[in-house]
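After this come two complexes, each holding subunit A, first together with subunit B and then together with subunit C.
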Partner chain A sequence: MQLDAKTLDTLAWLSRLNIPEEETEALSESIAEMLTFFQQLSALDTQDVPPTAHIAPLENVLREDIPAETRLDRDLLLSGTESEDGFITLPKVIG
Partner chain B sequence: MAKYESVIGLEVHIELRTKTKIFCDCPADHGGDPNTRCCPVCMGMPGTLPVLNKQVVDFAARAGMMLNCEIAHFSKMDRKNYFYPDLPKAYQISQLDHPLCEHGYIDINVNGEEKRIGITRIHIEEDAGKLVHMENGSGADCNRCGVPLIEIVSEPDIRTAAQAKAYLERLRELVRWVGVSDCQMEAGSMRCDVNLSIRPVGDSNLYTRSEIKNLNSLKHICAAIDAEKARQIDETEAGRELVQETRRYDPEKDRTYTMRVKENANDYRYFPDPDLVPIILTDEDHARLRAMIPDLPEERLEKYINEYKLPESTAKTLCDEPKLANVYQAAAEQVQQPKLLANLMLADAAAAEIPAGVWAELTNLCAANKINRSAPAKLLEAYRESGKEIAVLVTELGLEQVQDTGMLNTIADEVLAANPKAVADYKAGKEAAIKALMGQVMKRTKGTANPQEATAVLKEKLAKL
Partner chain C sequence: MEYAKMNIAELSALLRNREVSAKELAADALQAIAETDGNIGAYLTVAEEEAYRQAAAADEMLANGTAGALTGIPFAMKDNICTKGVRTTCASKMLENWYPVYDACVTERLKAAGAVMLGKTNMDEFAMGSSTENSALQITHNPASAAHVPGGSSGGSAAAVAADECAFAIGSDTGGSIRQPASFCGVVGMKPTYGTVSRYGLVAYASSFDQIGPLTKNVADNAAVLEAISCHDRRDSTSLPQFDTAYSSLIGKDLNGMRIGLPKEYFGEGIHPTVAKLVRDAAQQLEKAGAVLEECTLPAVSYALPAYYVLCCAEASSNLARFDGIRYGYRAQGVEDLDQLYRKTRTEGFGREVRRRILLGNYVLSAGYYDAYYKKAQQARTLLIRAFADLFGKYDMLLTPVAPTPAYKIGEKSSDPMQMALGDICTVPVNLGGLPAISVPCGTAEEDGANLPVGFQLIGPAFSEAKLYQAAYAYESANK
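Entry: the complex of A and B
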């Protein structure tokens, strides 16, 4: 299976990755290899197999609409990120 | 004669009024300091597990039923992947191919013309957070992350701004009526995106459309529709090709601007969310929810006027507030005098907060003359304070109306003996003097005498004097 340059660009954009020019060829080959591997699945006839929604035989795992009695402290919640005045700080977002 | 017509479909997001968020037990209501109503689940921290709120499924299905949709027996949650800083997980949990509700409709009437607007689907999903502009960048507040939404997608059946307005007004009325959201556009609990394309009148094809986002009032929606239609006509007439894109409307300049060229639907790379299992709604679930769907507001209004004989203004006041109407309806089914019930309820400023059973009991006590008409206000006050049963409060407060004619006779005799001037005035032809005597009777019975009966007893005695 082949992976053209345009598809690689799209994948890179969707993953928000900058792929250096010199790595594109090797990366294309690696991804093509993975696709070929997964392509083995196409050999199976799934004509009469219903789509799988979940691998576990479970349904309706639901909770009641009851608020938590205690809350995590904001300082703890934000301890893994930069913050200011209780907001998570980010680079400037336009729009 | 217009050469082009607009083809409009609306996507409406409505926040469901649950107590907690869709996948965690954080509070779902507005407000709070930034990042004080969120937790590792709704902030999308690694290793957390979302669990679906049962009430979200119930509310969404009830909205669907109110909007004439078919409700799924099998439904599931999917991940919609995209990067935006107000979405910490970098995917939104939504529904792709098995939405909870499909194939509904809303009937509208514009200038006497009836029109049915199809509803393609209603699905449940989580809201994103909010961004604020700060001095050196932007700030993210996750309080709104995970607030439950329903997205209601219409068919491209709408042709004019007036039809869009009628559709949205009716949608708002019905969703409020079924009691699952307050649908306040100005507060952001109802938001609308417009999809619009144009075509020559008579053509039935669909052409390249634009999506106008972030419209927060009916006025802006209508103005944006007119402005975007005009723009697309200008572009087409000038021989320029339209592109599929997202636009925003600037009310100051009354025109739309490009926000971004739309990514292909495929780019969201939807897939079934492995953290969440399928939602199965059995026939029993459908029946249970169906039983909670009220009559249409106009049907109820007609019933109140024609069957319950309420004055039109009273009926309208009751039907104007869905919560009040629902309490009234439930209480009305337990009383013989729905008009008396309506009067009692409308005399109370927060009638919708009192259970229907309490209203029914008060009405029935009044109707049977067991308490007098001033007693309900006292009982409601005591009920709000103590939450005790009405029957208990009637006894505790000594509000049983004096039915005992013997006792009333004794009190009347005492009052007549103690008020010779009023008696003389009455005998001299001043009929109003009886009011002073009545007042004394009511005072001595602590307001529990039946006024009609007491008046009759007094008149009888005065006649014999």
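Entry: the complex of A and C
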């Protein structure tokens, strides 16, 4: 089984990835194989079973609105990010 | 390399008695790495300067009476845990030259305890894999046999401990990534209860499963390291507010009356006969030590693996969206627009397995498939949690294999991700349930002319680490 080309294209777009031509066949086969494997779940009776998103009893963690140390400093500029005159440089990202 | 084979307790005694300094221990460990790691490949970065700096701080603590159990002890850190100023790559081309500007909570805790970090260890890229072969940077060999994988994803950490290139190592476990390499390399590995070790500064793979834990030469060391790294941390929103961290408190106590279940599903088809035998032998030893062993059943494990892979790929696709060529790490060159900057950066920066999991994750989360895959897997997770809860009404813990087989050969499964995934069957249920589980060496299997380590796994309910260590220690003491 293989994933059809259109679905793979859509997935690649959603994932912001290109699919190198030499990988297309193996990748679509491998994804299709995993999806078939996932379908084992469909046999499971899950009526009225609530989904678990997380194990931890989650609460929003809020901090007091007081000034704290920031790390947007020289360290960050030196962390492998391209920078110039104390500003982070980026390629043009807005049309 | 006089000290390399010693465990934490032995080294700590020498340090306290001033028979050796932290600086001498660091030098000894760095020499062990220099002599051994060329054949193992456990370390991606050896942080010599940092090690000597931390050793000097440790010697000061030893001199002024503020030293603790880990002061001066040399260790290795998995390369997905942030270390300020020390390269943190996740074994990915994406972060090959990334230097964090802050320490992870675990790094801070170990520094504060005076432990001495020797370097950063190899892993499957972004922790996705079970053999460390998915590292974009290097191969790691199993110290028991160079032709075999060390397991993964914390393969570098397990190999470093097994090859005496550190006294202990830190790993992370999303679906077995501490326990399985511990089993393959013959060391002790603990995946603690979800929320007891802060994930602040751990590069996220699947956030609802990821958990940091120790790999050590023995059980008591493991408990000591977990005591040092476990805490509440407000910077991790899933860090639990209150729990007992006296993990060593039951070590040495007898097992009389302890109830241990052996779920028969873990001993069925696909389990290597020697692995099944060694784990059953371990069961007998635990029985001799006073525990009550009983066969039980956990049918819910049959859907744990598909549920786990749906959820971890979904979470990975979301977590790894941040690697866009703008803010972190690698940035592709020669692109004309934003979309191509994203796509080219991510295609070139991520390895094949990472891209495969991102694609799968986006598939199961996309419109039209969400209910059939993602929600269904979350419901399966609920059912598994309930099934574990039922069993823990009857048993203090469960005894199972860690992996269906001993270590396999390098290259044997790397081109077949499905085969690789099936090897996670014994470990992923624990992560779905957020439970603690320990991997303890219990012998070797002769395969391909090599004696390959095998471990057993003890799984307990949340916060049962002290009991797991108690049982593991009883086994270990009886088999010295």
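Simple rule for what comes next: the second predicted complex is superposed on the first by the 67 of 95 C-alpha atoms of A that agree within 3 Å, B and C clash if a C-alpha of one lies under 4 Å from a C-alpha of the other, contacts with A are read in each partner's own complex, and residues count from 1 in each chain.
Here, a residue touches a chain if its C-beta (ideal position, glycine included) is under 8 Å from a C-beta of that chain, and two chains touch if they have at least 3 such contacts.
Quick caveat, the model's predicted, so the values are computed rather than measured.
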Exercise for the section: Based on the superposed arrangement, let me know which partner A:Leu90 touches: subunit B (first), subunit C (second), both, or neither? Expected result: both
Practice task
Using the superposition on chain A described above, determine whether A:Pro50 touches subunit B (first), subunit C (second), both, or neither.
Solution key: second
Practice task
Identify the partner contact of A:Met34: answer first if only subunit B is touched, second if only subunit C is, both if each is, neither if none is.
Solution key: second
Exercise for the section: Quick one: classify A:Leu14 as touching subunit B (first), subunit C (second), both or neither. Expected result: both
Handout entry: Partner chain(s) touched by A:Glu64 [first = subunit B, second = subunit C, both, neither]
Key = first
Problem - Which partner, subunit B or subunit C, touches more subunit A residues - result: C
Exercise for the section: Please identify the positions on subunit A that touch both subunit B and subunit C, taking each partner from its own complex. Expected result: 10, 14, 16, 52-56, 58-61, 63, 71, 78, 90-91, 93, 95
Exercise for the section: Provide the residue numbers of subunit A that touch subunit B in the complex, in ascending order. Expected result: 10, 14, 16, 52-56, 58-68, 71-72, 74, 77-78, 83-93, 95
Practice task
Can you check the complex and tell me which residues of subunit C touch subunit A?
Solution key: 97-102, 194-195, 208, 234, 237-238, 240, 302-303, 305-307, 309-310, 317, 321, 324, 326-327, 329, 331, 335, 337-339, 341-344, 346-347, 350, 352, 355-356, 358-360, 362-364, 366, 372-373, 375-383, 385, 417-418, 421, 433-434
Fill in the blank from the handout: Residue set of subunit A touching subunit C in the complex reads 8, 10-12, 14-18, 20, 23, 27, 30-31, 33-35, 37-42, 44, 46, 49-61, 63, 71, 75-76, 78-82, 90-91, 93-95
Handout entry: Touching residues on subunit B, where the partner in the complex is subunit A
Key = 18-20, 25-27, 33-40, 43, 51-57, 74, 76, 81, 83, 85, 98, 131-134, 136-142, 259-260, 267, 269, 272, 274, 276-280
